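One structure is given here, and the rest of the page talks about it.
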Amino acid sequence: MILVTGFEPFGQHSDNPSRELAKAVDGRRVGGQDVRGSVLPVHHSEAAVAVERLVSELDPMAVLHLGLAEGRARIGLERVAVNALDYSIPDASGYRAIDEPCVAGGPAAYASTLPLRSILAALTAEGIPAFISNSAGTYLCNQTLYTTLHLITTRRLRTRVGFLHLPLLPAMVAASGLDQPSMSVATMLRGVEVTLEVIAATGAGELRRTR
Amino acid sequence: MILVTGFEPFGQHSDNPSRELAKAVDGRRVGGQDVRGSVLPVHHSEAAVAVERLVSELDPMAVLHLGLAEGRARIGLERVAVNALDYSIPDASGYRAIDEPCVAGGPAAYASTLPLRSILAALTAEGIPAFISNSAGTYLCNQTLYTTLHLITTRRLRTRVGFLHLPLLPAMVAASGLDQPSMSVATMLRGVEVTLEVIAATGAGELRRTR
Amino acid sequence: MILVTGFEPFGQHSDNPSRELAKAVDGRRVGGQDVRGSVLPVHHSEAAVAVERLVSELDPMAVLHLGLAEGRARIGLERVAVNALDYSIPDASGYRAIDEPCVAGGPAAYASTLPLRSILAALTAEGIPAFISNSAGTYLCNQTLYTTLHLITTRRLRTRVGFLHLPLLPAMVAASGLDQPSMSVATMLRGVEVTLEVIAATGAGELRRTR
Amino acid sequence: MILVTGFEPFGQHSDNPSRELAKAVDGRRVGGQDVRGSVLPVHHSEAAVAVERLVSELDPMAVLHLGLAEGRARIGLERVAVNALDYSIPDASGYRAIDEPCVAGGPAAYASTLPLRSILAALTAEGIPAFISNSAGTYLCNQTLYTTLHLITTRRLRTRVGFLHLPLLPAMVAASGLDQPSMSVATMLRGVEVTLEVIAATGAGELRRTR
């Protein structure tokens, strides 16, 4: 079982490709693994609660979070989640944060446990623009990657956890009138499929030191 | 009859979306107009010769040139072609140019005669990222737009002429490893179809002053 | 005599480097030429009136217009002015334009008559980031370059005319909080001095065909 | 005592603003603190050795590392150093790295212990473009920030540690011919002075948990 999550639209956006993709892969079977897609609220505390419930219920071998990264031209494979919340776009509850931790007393960062290098090679071979990103930002995307890695680590689970950041959809750019890169939902969906195939083929991770 | 042209690959590129699109629309019928697609050589003098032959042979009501604009995120509707050739990437014959005119003694620029504002509105309504561009550069794309407008003007034809600049294809960006925007061929093809529909509905242009 | 013009601040900007530079060079003597600096209103019709009055009064051997190009990282030596006004940021009188001509019935464009290649070489040798730009946009900067070149051409004057587009000042970027390039006023001022030296050494231009 | 470090030029660069600034502040006194400037080799193991020696010798209240971030428009106050080395530009010894740790078995990241928010406010008030950056990359800049924070943490020192990433110098951009932002050495130097004033006024940090 692999859990794939997307987010609801947020800020001035009326759509969110991560939501579309999480819905699109829900119920599929990839590389011998069932795929469960779920859409998370853009909420500084409820998103983590939802992930914790899903992990407890599903006991997935991997969690692949998806989120929107406006302005990016390629799919970003996030290398790390930092223990920082710092954003001016309010979340769904109107919350904003300046230099708060994701988890008080938590480590400065967690590294993603997905096989990023293999995923990048597979995406590139498939002709899908992607790169390994060194920052998932300090908004709810980074927070979700951090809190899920914190959950897995403190519970001593072998679940692999990672995050793909997605460009805007073409229609979102067309509607905005802004000069921003985009990626079609078909290309992104193929990217998620390829990523799930690599994750399924890699198997579960090692236990991580709790410290 | 509407003539659509693309270009062969050039520089370090092994593909060119403009070529794929010119081939894809060749032989179609859009808005009551036959469409003829043709691929031009990336050559500082042969491209114009090929266009002149096609215009003489086909007597099209419009010429829509397509070309690649590496680095751009949206389809660019070119407003104007300037009388300047200035490029360091050699063309197919190895030719480079510094501050040469496209046509010696020609006017400083020609304005596109396509209904750009209507095309932009139609593309935006269709969810295709596009904008009106104020510069087609000083490479062979600009030259081709200039020489075709010069041909139409000096021959006193009513043929409408314009240029769409296209982003890189996703596979070209994936192969390059560079951080560059791309657009899927499906999105671009829909963009060309929408553009042809608007052109067909608009009809031929007025005679332009030769000056 | 060389006339250097800048613009008043506009839009949300409280400053304009072109104004500072026009004031800074006013009254200087460069390469045997007196320099007169003047600040133009950001107004779709009054700017051209002011330039016409200054040209009539001063009979300069060259006119160097300066303006702000938010988002640019280097000094832009504008190659051409196109006969188009198209902007959504209102000018000082609240005026906006969509696809209007700068001069009804005027040619599609005028080429700058400054020795751009020599100026670029001199700036580069001085360590000042600069480039030859193929578009001055469709706001009042382009309009001013167009109307001055139109004036010179229709009056059959030998005055050289050109436009330098300048980056934001560092303090403007700091105040905005946006991720935008800037250039110090000292670097820009040296750039204008170098440009004036090249212009003074080049001398007046040839008469241009009115057509 | 505050230790300021810069780096030697690297890659295709013939200069490095961080080197110029480290030299410029060497021997100054700011906010009651002596400043010692030192230039580090761009070497994957020798840079850390040099820092360790300087920290042992000088026992500074703070270490401010400076480095070059080509392509950035503003001074970046690095929030975090991640335990990753991943770069294709060889260091001074020809070394390249793919997904190596900075310190084997070290934590995924260390957070900077400089008062970033106060420094940002002071720089902004001074009109110097700056921002809090969430990634120092995975080259030697990030490594140096990581290894110094690791040193301070494992030695249980109260020394504050941070990193400022600097744009290219204008002359470096002019020489490259590329479209890249730059910042004058005068603006950067003022930025370093302001940063040192804030650090001196803030005092030493708290002891950090070794984990």
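For reference, chains read A, B, C and D in written order, and residue numbers begin at 1 within each chain.
Convention: contacts are C-beta pairs under 8 Å (C-beta built on N, C-alpha and C of every residue); 3 or more make two chains touch, one makes a residue touch a chain.
Given the structure is predicted, the values throughout are model-derived calculations rather than measurements.
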item: Far-end chain from chain C, centres as C-alpha averages; value: A
item: Inter-chain centre distance, chain A versus chain B - centres from mean C-alpha coordinates, in Å; value: 39
item: Centroid distance [mean C-alpha coordinates] between chain C and chain A, Å; value: 48
item: Chain A and chain D, separation of their C-alpha mean positions in angstrom; value: 30
item: Interchain pairs in contact, sorted by label; value: A-B, A-D, B-C, C-D
item: List of chain A residues in touch with chain B within their complex; value: 73-74, 123-124, 126-131, 170-171, 173-175, 177, 179-184, 186-187
item: Touch list for chain C against partner chain B, complex; value: 79-80, 82-84, 86, 98-99, 107-111, 117, 132, 134-135, 137-138, 211
